[in-house]
Amino acid sequence: MAEEKGLARARAVYRNRRHRAEELKAAGKKVIGYLCAYPPLEMMTALDIVPFRLLGDINEPISKADSCLPSVVCPFIRSTLDLGLKQRYEFLDGVVMAHSCDVAEKTAHIWNIYLKPDYFHFIDTPHTAGPSAVAQHRGLLAAFGKTLEELAGKKITTRSLKEAIKLHNRQRALVRQLYSFRKPDPPLISGVETLQVMVALMSLPVTEGNELLEEVINEVSRRQDSPPQKKARLLVWGSILDNTSLIEMMEGLDASLVMDDTCVGSRFFWPDVELTEDPLDGLARRYLVDVKCPRTFRQTNDGGKTKDYRADLEARFGYLKEYARDWNVQGVVLQSLRYCDIHGYEVPQVKDYLKGLGLPSIYIEHDYQQTAMAPLKTRIQAFLEILDRG
Amino acid sequence: MKWFMGLDIGSTASKGIITGNGRPPLYHRLPSKADYRAAAEALSSELLAKADLRRQDITATVITGHSAGDLPAKHRRIADIRCCARGIAHLFPQARTIIDVQAMSGRIIRLSAEGRVTDFISSELCAAGGGRFLEVMANILRVELDDIGPLSLKARKPVHFTTGCAVFAESEAISRVAEGAAKEDILAGVHQALADKLAALVERAGLEEGCALCGGGALDSGLIKAFQEKLGVNLLVPEQPQFVTALGAAIMAGETGRNEDKEQP
Amino acid sequence: MTEKKRPINRLKSMYPLRGLIDGMYRQGLSAAAEGKPVAWCMVNWWQGDPILKAMDVATIYPEDYGAVCAAFGAAQGYLERSAADGFPSHMCGYARNCLGYTGRMMDAGGIPEEAPMGGMPRPTLLLGSGSLCDARYKWFQSLGRYFDAPLWVLELPHPGVKEGLTPGAHETNISFIVAQLGEFVTFLENLLGKKMNRDRLDEITTDTVEMNNWWHKVNELRRARPGPMHSRDFWSSMPASLYMAADPGQTAGLYRRMYDEIKERVDNKVSAINTTEKYRLAFLELPPWHSLGFFDKLAERGWNFVIESWAYHPPRPIDLNGVTDPLERLARYSYHWLTGYYRQAYDAGEWWGYFAYPYLEYVRDYQCDGVVLHPLLSCRTATNHLTLVADRLMKKLKVPSLVIEGDIVDLKLFDPAGALTKAETFEETMDHYKKVRKEAGFSW
Amino acid sequence: MSKAKGHFAGIDLGSTMTKVLLIDGEGQVVARRHGPTGAEHRRLANRVMAQALEEAGLSLEQIDYIVATGYGRVNIPFADCEVTELSCHARGVSHLFPRARTAIDIGGQDAKALKIKNGRLIDFVMNDRCAAGTGRFLEVTAAALGIKLEDMGRLSLEATESVKIGSTCTIFAQQEIVGLITAGKPLPRILAGLHEAIARRVLEMARGLEIEADVVLTGGVAQNEGVVRAIGHNLGGKVLVPDEPLYSGALGAALLAGDMASKASANGAAVPGRERRLEAARLYEDLED
């Protein structure tokens, strides 16, 4: 496995995520699991702790999670908790979770109660992004840093944190570069391959991730076997996609997935951390304000005195217009996991916005189940038929 | 002479038992068809005929399962979960957990040594947790219900089902046949899917020593195997699994019969 | 002969409290008619409402309106409307009801004809909340599709038990809330073009705390055997506190009267049910509003519901003497409501300090024989913790739980006949655990 | 409309029924056949196709273009192209009713609402997850009640009011119906209730599209007069139903086959019919065993 490079390596890591983490652990490193996009990785990297993203497994039927979490919640979270309960994450030294959404918060407590990790920290990420919330968030990150330092047995210094930020910013820049290979038609890298790389990055220490990215970029920029041209270029928006099944289905039809706005993708990697004098300031702002997940409420005008729906939509979703333009997108697939409130409320509003842009969209809801894809396939195919003739 | 009758009016089958006077219990079963009241009526008449008894010979009757409206004299209605627990406790005093696979739902019952219910969970919101799921599958595979167990035991590569819906599992099965999967593999997959669903409930209730399987689903050797593999224990399976609830009802009829005078109206 | 007794012995003092809610809708309508500001609010546990009151803004609670529409049979049409507008049907039923209602209101150019209780007038502003569930701000944000009313979202920190108890965390969180409330005041002053009257806020805050203290004392009395107040009376009376339907001073008086009535019951051992109290129960969380008659049937079997949802209870009293800034008093009070059990939870090694832990205390202190859990298909927040709570109660207190599925607006999901059959079986379970607890040395 | 000469076929391999429809270059139907979709898709598709060919007196080589649609569309080896049933229904329905703006298609395992403009599909919604509210729902209850599927609609028309059916699951609804019969409710009213439940469910879903007239009901369930009445009633207006609603999808597929053939020949591409011998051979081979 070690000899594999570039895309092949990414695929191998994607298929066996914990392999490298376990090796590192055996070599004496600390590995910490994190849920969702909110715990700042830089702080872990600064202490030489390896952050490892907690994900679910779409092919594993959920059985244990039902004994502590009801079935009417986000199936991704249920799956992740289920894996935890089945001891698939027992190689971790601990976990850090955040108040990214309601279920994630509740699941954090449940994880702590039933899995009793040696290290556990909960970051109560605020829901708003005004000045008091950013200040609060900064304090929360400082508190997180303290517990991490205890675990690591050393201190986070301004220097080490800045170094870590640079490493992660470098990763982000490389990801953006990789994404730019999706702009040509046909794209140089498929949606499935991209997602495999993203998952791999979330399973490796940042330096190894950066190496991998460099290999991939090198490989892709010169590849002879790039994906074929397809009839439609799609953007996918919405809930977490931590496995390739949905994208595979879409790309198996006559479509290229050229851009995403999901959190194992651009949403996670896009914004850089500003190198502020006190690095915590930059981190606090980046993770609360700059990550564009609908879980954060943003005032979009003069302190909320007035309100204008169009302006509100523009402020919230304007980046989608840029994505669509730069990646030459013809249609948008809005997808949400069933029971995801965060994305569910957003759907009609994103639809309104895209309609205003004249960009066709389709909404699909899924259960995080491989076999439930068949009816979705018909939907996507019909959507493509509409695009084709449009 | 004291005779007691237990009637279990199920969604597909109605089961009845007469006990008393140290005689082995007398069993009878008929399809519930569309009319539960008629089923109860027919079941008790046929049972009586079989036992060669008259209505007035029966000291007390407990009716459970689906039943509505006013009851005749000396009849009492008791919740089926209680009857089921009582029936199992009678057959297997060591049982502490029951998996009861009925037509419309599967459920997990935990019980004390005296056969009292200490916890119960049903797979209610969806039909995919009951025996009906098996019937639907047997139907599309054109297999007799009695054959699905033995066939499933012959499976080599069970098909993996993940859909949660009994109705959609049907189309999934059809697609698998189209792809060339063997009937036995599909059946084994169905058994595993059902066992997975109910095992998750067992997990929730907590598996203790002495786990019994009953209800019509326990007639299915494929399902029994799937459960045993999933739970890693040997299951206690009664000889007449479909009659357990009726048996419990008859036993409770015996208790009420004896306590007749003390009974509250 | 005497008239037939109702199975549940309702409190007389409940009726005026319940009546306050009708008054709330009337006040909202008349405020709108007079051109005065009206706010649609999420329940915010006394964070923002006192401020709105001090600014003379009428408050209306679309959450409550969801229950009203369900009760009057108007919800179905609103739910269909929100589905047609593309809101997924797995989301909060109250939210979907409100979104559908709003769609209809905007189409009709005013309150739609069929709207129960006279309807909710179009608001001047929206007050969302970051506590307990995501719907509480995402829902209001979605209302932007229908009208342009500014939305303010108030935060209430939800630390983990350990994180909340680390030195300094408490005060940091209080400062955050105070800052949040300050920003909210500024927003209101800008929006309404007037200054807030601090003295008025001071008074309202004092009354709010006083109101809840009486309400708390009422609930303390319910530990008595037989239980003197049934959960149905609780549900009828709680909106007066949660929604701040009236002047809190006035409400305080009404709770005080309720206290007196219950005290008398306790002294005379009068029960809330007219059958012998065989089982004492707790109910979690929102009841099936449309099938409350179900509780009569259970009362006939000797089931007395003596305590219920933590989240609808007022906090245990705290000392706010010496806190002069009313904003800070509000901040401390609301934060205490959420985190007031953290210390005990920590000591008990229970990491879910709100929702899950308080029930351990409730069930022990109110000596419950069983707990009825009512998971809701469309509200994650009232459902997430239920399995966990059932598990903790069994492990720690040997108290069993009964699950009865339902929903707050989708009436079809509650099956009263099936629920009664389950209840019958559950009696056997409760009897069993009574013995188990006795053997294990518990006091009830 | 296709100007191409020759013959075109549409095959709609639905979850419940397999439908084949052949048209000539003028768009005239020359044959149509259907049979129940079984577990073995391919063979069944072959058989129904063979029957339709026989009826038209044609051989497979004489068909210039074949479009497959329906949920088993990928399993048809002799098809030249697969198109979703949504596009096919839209095409078929607007051929029959040029003024149609909305089509509701209720099939064996799903229900869909289509929005049509200039003869094309422009938007749609589909039901999800639960089989309730589909043809399967009717089949299961017909079986439970021991009546013929074809009689259900007519029987329900005898009722002037309906019984409320609350269950959302096919299997549970069957239970509920059995209970209603036990409670002595008259059969026609129960059936009317059943149709009402389907109509409400489907329309609830369709509302997201802003239903515009003319509304056409298609798919196998459109053969049920009771459902037609209930939908019409709920919409407060008339619903158009094709003479052969079962075949709308297959018709659309055949018409699209014509469109594609003429597009292909305009581009100078080969007409696939000539190369179809191999599949044709297999078609008959399959029929033999």
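Order of writing sets the labels: A, B, C and D. Residues in every chain begin at 1.
Following the convention adopted for this analysis, contacts are C-beta pairs under 8 Å (C-beta built on N, C-alpha and C of every residue); 3 or more make two chains touch, one makes a residue touch a chain.
Everything numeric in this text was worked out from a predicted model, so none of it was measured.
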| item | value |
| --- | --- |
| Chain located farthest away, centre of chain D as origin (C-alpha) | C |
| Pair of chains joined by more contacts [C-beta pairs], B-C or A-C | A-C |
| Where chain A and chain C are represented by their mean Cα positions, the distance between them in whole Å | 35 |
| Centre-to-centre distance between chain C and chain B (centres being mean Cα positions), rounded to whole Å | 41 |
| Computed distance of Cα centres, chain D from chain C, in Å | 49 |
| Sequence positions of chain B contacting 2 or more other chains | 168, 171, 175, 204 |
| Touching two or more other chains - residues of chain A | 66-67, 365, 367, 372, 374 |
| Of all residues in chain D, the ones touching two or more other chains | 71, 129 |
| Chain B to chain D touching residues, read off their complex | 11, 32-38, 66, 68, 104, 126-127, 132, 140-142, 165-168, 171, 173-175, 177-178 |
| Complex contact set, residues of chain D against chain C | 166-168, 204-205, 207-208, 210 |
| Interfacial residue positions of chain C with respect to chain A in the complex | 85-88, 90-92, 95, 128, 130, 132-135, 137-139, 141-142, 144-145, 148-153, 155, 157-160, 162-163, 166, 169, 172-173, 176, 179-180, 182-183, 186-187, 190-191, 350-352, 356, 375, 377, 380-381, 383-388, 391 |
| Chain D contact footprint on chain C (complex, rising order) | 80-81, 83-86, 412 |
| Chain A residues touching chain B - in the complex, by the definition given at the top | 61-64, 66-67, 367, 369-372, 374 |
